[in-house]
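In the two assemblies presented below, chain A is common to both, partnered first by chain B and then by chain C.
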Partner chain A sequence: MNRRKERIDRGVKARSADIFALTSYREMLYLMIPGAVPVVALLCFSPMLSDYWREVIISTAIYALLAMSWDMLMCAGLLSLGQSLFFGIGSYISGSLNYYAGLPPILTLPIATILGGLLCTVLLLPVLRLRGIYFAMVTLVVPLMLSRLVEATRILGGTEGLTGLTPFPNQLTALFIIQLALLATLFGFRRIMGSDYGLVVKGISDNDRSVMSAGLNIYWYKAQVLFLGASVGCFAGAFGTHMDMFAGMPGFALDYSIMPVAAAVVGGVGTFAGPLIGAFILVPLSEMLRALGSLRMVFYGLFLVVFVVGMPEGIFAYIQRKYQQMERWVDVS
Partner chain B sequence: MLLGTLIYGFVNSAILALLAMGFNLTFGISGVANFAYGAVYIFSGFSVWILLNTLGIPYLLAVLIAILLAALMGLAIYYGVILRIKGMPLSEVMATFGLGLAIMELFRYFDFVGFRYTLPVFIDGSFSIGDVYIDYQRMIIGLIAIGLTFGLYLFTNHTRTGLAFRAIAQDERTALTFGIDADLVGGLSMALGCALAAIAAVVILPLGTIAVEGGYEVLINALAVCIVGGLGSTVGILVASVLIGYSQTITANYLEPHWMMLVSLIAIAIVLVVKPSGLFSHQKELEERI
Partner chain C sequence: MTELTPLLRASNLTKKFGGVTAVSNVDFDLQEGQLLGVIGPNGSGKTTLVNLITGFVKPTAGRIEFRGKDITGWPPYKVVSEGISRTFQMVRPFYQLPAYKNLIVPLYSPRVKKLAGGKYGNRDAVALDLLEEVGFERDAHVSYKKAGALPQGYLKRLELAKSMALRPDLIILDELFSGLSLAEVASIVPIIEKLKHQGKTIIMIEHRLKELFRIADRVMVLNYGRKIAEGKAKDVMESPDVKEAYLGSEAE
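Showing the complex of A and B:
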């Protein structure tokens, strides 16, 4: 072992780092391609797929939204093991609005997004003072308890749930709605985290006390981040409800909690593109393994362990490194 | 009714204390929140069942083997997974959570579902106190909970290993200068925690069937008791399990059994708002809350 691997930024990365990137097409292309890939892949290629695979893409996108919502919370140091809370609340809000008040999906989706985000924020507000595993424990417990509450009080349809909800007009509409939401979330969240605001949020997760001593109210920031994450999760829930034409206790199921975490960890935490990639690997994979039944939960769990231990940076960081840097072996003897 | 509530509340408290003990021990000593705890519980239940019914091993021996297996599993989890990500609590939580999920769902995949998965009670029969009938198994649960509490107290206060455990819990660096191996103690605490989960499983599971969902319930109950009592505090665990146990029993008797699980949530919510570090936790207050 007389050699080591050396990594140097590619010339094009250095050249496109500032405003002079505008002077050359090559540099502009270099900057634009990573952003264009998901847009083109989602909007242009997915409508060409068969009905069955479009359905898979839709459910993948729902999980990807939950995973990005998880990632947003993680940026502020809030580890959530209960994404199904957001999914379930969004699903119940849009479901009951549609079931009892007869509102169409075009109204229930935005209402469930905003209202659900607010509701989840208020619900978790007392717990925001906790951090680390204490927050994780509470988020794990809350959705399971809420489903018990529904079971015990028999409100909102009880164990049977609300059935016969209005579906989307056709599959293509649903596909475009969820993909636009997905892209908006991806680029919106990346933009937020790239701004000064994102710097404060990152600071809260790195060292909350120093952010406090800078005179910033970290609870207010955490509440805002929670609202952002919860809204996206609730949108996913509301969308899934209209997709399945059903809102019920399965909305609080563990599937919606573990899958986003696994996707985000596989893809790369804190990048938002990572969770997207992770979801687009794991969900179609589990779809192909559908014959195995409940074994896919086992796969999610094992994926989670293997990536947390073996490749904590995730797939996205790996791709990013390959794109931005060149590697070569150097003799050090 | 009142006497019944008192007695069954006590049994319920003993069950909760047994469930929380192992989780609390591991967390209090090595700082690892073992989210695979429910999976270990279910694993021990099923392994006793398999040893007993498929391999035909005597009950007592099967129980001992199951407890040993659980302890080995704890060691394996610690050295295989946790040691590699030690010091990153969030990663520890995610890894143990994923592992626990994988174990539990694996049992579901191999079709360990149904009413035939029950363990026999230790001693059949029941006796009465006043006009309340109580079976021997429930009494054994109470006795074992009390016995384990005293046993753990003696272990942590009067044996070299137990003192090493406490030293690591109080100040890891100082303990290192005394030549205590932090990794070994962590592994042992994990093994002991898992063994306690196995004991709880063996004692409690004869009351009902062994179900995969039970694993999640166990984890939640353990978390509830630990949060209310204050993680890492033994007195807190006892007080919290008595509090939650009695309030659950009272709710079940005077309201409806459906509401029982909600009691834990409400207890957690109240405690988190009033005193987030739990009722009896002093030293770690700053770390978990700001």
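Showing the complex of A and C:
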């Protein structure tokens, strides 16, 4: 006697798939709750936490932004192992604008976002032709190169970095800025990828020859996606700089490259909400494991392995399935 | 207009891959509204010829003109915006998407946006219409099925619809009939005839000679990258060169 798990869409899911969702509150709520509840919870409860945990939320959000930026690149088939490039460049741009020109964070953040996005796009433009692991290798190497460049030429403060930068007025302001950016990125990216433009982008990663023969310049689209991803990464870097009041070589550190990938893998690639959830699990977890001392990395790694093996689709896809489908065991003989 | 400039003219077209000459000194003219069949044994350079015309491969030497304009070595997206579209021999649709969503990508192209006058309205509706045109039965909701769940016959039709979505002047069909049953081929032939009646120029690469000869105005035969014959189907098949190259065993 064999058993098989049968999955059936819930009635409310089937009904609310179209304009008919507007016919009842129940169905409208069904559609809105998954988005609205976490957003409201985040905005309402995060200010109530202690200073320490607010700090944790802020650094989690920085990683979450990098993870969503990674996911955006992944949508176009660009596997990046160098999110620290975006973080570092955003960090140095806002840092030097603040250090040398004395601009306040309210100006350096948007300038670093746009300018950093453009700069990273131009830097990676020559390698947009590469795919998969070849693109990944280049993105891995470029931030390391840049950090050695800063060290060797002693520009931008050299190994010391730029210190004493303007902080945010208070922690609560910072908290709300980063949460706003987080939500704007999440819903913005989801919206973009849900449109026809998003179909083209996904098409490039699935089957680029087919997109080429459809009369679209795939390098132009890849550059656009790269700009979107890079500017979000640069915003994270600029934000982190003002948070720490410091811009320096650690901005190009490997942490900023690896953690976003781990978060996206745990949460579910290609969904944007997945990497966000992944970051909100992994970063606080690593904080909580601090008590374990040296064993921290062991448990952390163990958790990652168990997760990736046990739930390869990612947390987000798992939750989504439970929310939308009924499951039951049926006998097949 | 007595002496018409041909829609497509290839002169001295040559492509070498390392030491192998895939296409060698091929010349041909194609008048507007004609259907040219290209035949030849496996490895005779037919698909390379398609790749050369559509810009997927840059020629080693030679020249391609479309409406008198030199398009040699243009990238594929520019060639398409001039009005040349193609299908692929190996269909690779976006398997996770419903069939009609596969057409969104070509409908998003600058050429279609320009021809339709600015921003395209409802791409989904246009896609569904196009699929019906190539034989996706609307009543059976085939267009809404995932491309991965469709049989080969429908995937080939989808491939045809993708190239039609670009509103091309010249369509290049790379072995559209390969891997299809006789009945499926018989149901696609009228679609191609209809395209021809609409005034589209078509190049068909094909192994199914019987069906091809019925609809082709002219046939060109390639062997080892060289053009060995061109003309009416009947005359071409009687040429001794062709008999030897293409139907070698029969000629003996």
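General remarks:
Here is the rule we use: the second predicted complex is superposed on the first by the 311 of 333 C-alpha atoms of A that agree within 3 Å, B and C clash if a C-alpha of one lies under 4 Å from a C-alpha of the other, contacts with A are read in each partner's own complex, and residues count from 1 in each chain.
Just so we're on the same page, contacts are C-beta pairs under 8 Å (C-beta built on N, C-alpha and C of every residue); 3 or more make two chains touch, one makes a residue touch a chain.
Note that the coordinates shown come from a computational prediction; the quantities given were computed from them, not determined experimentally.
Look at A:312: by the touch rule set out above, it reaches chain B but stays clear of chain C.
Among chain B and chain C, the chain that touches a larger number of residues in chain A is B.
When the two complexes are overlaid on their common chain A, residue A:203 makes contact with chain C while staying clear of chain B. Contacts of A:212 after superposition on the shared chain: both chain B and chain C are touched.
By the touch criterion defined above, A:262 lies against chain B but remains apart from chain C after alignment on the C-alpha atoms of chain A.
With both structures placed on the common chain, the touch criterion links A:9 to neither chain B nor chain C.
Of the two partner chains, chain B is the only one touched by A:145; chain C is not.
Once the two complexes are overlaid on the shared chain, A:160 sits clear of chain B and of chain C alike. When both complexes are overlaid on chain A, the residue A:327 reaches neither chain B nor chain C. In the superposition on chain A, the residues of chain A touched by chain B in one structure and by chain C in the other are 209, 212, 218.
Contact residues of chain C toward chain A in the complex are 54, 56, 75-77, 80-81, 85-86, 88, 92-97, 101, 104-112, 123, 162-163, 165-166. Residues 196-197, 199-200, 202-203, 206-207, 209-218 of chain A are the ones touching chain C in the complex. Of all the residues in chain B, the ones that touch chain A in their complex are 33, 35, 81, 84-85, 89-95, 97-103, 105-106, 108-109, 216, 219-220, 223-224, 227, 256, 258-259, 261-262, 264-265, 268-269, 272-273, 276, 288-290. Note for the complex: chain A touches chain B at residues 74, 79, 81, 126-127, 129-134, 136-138, 140-142, 144-145, 148-149, 151-152, 208-209, 212, 218, 254, 258, 261-262, 265, 292-295, 297-298, 300-305, 308-309, 312.
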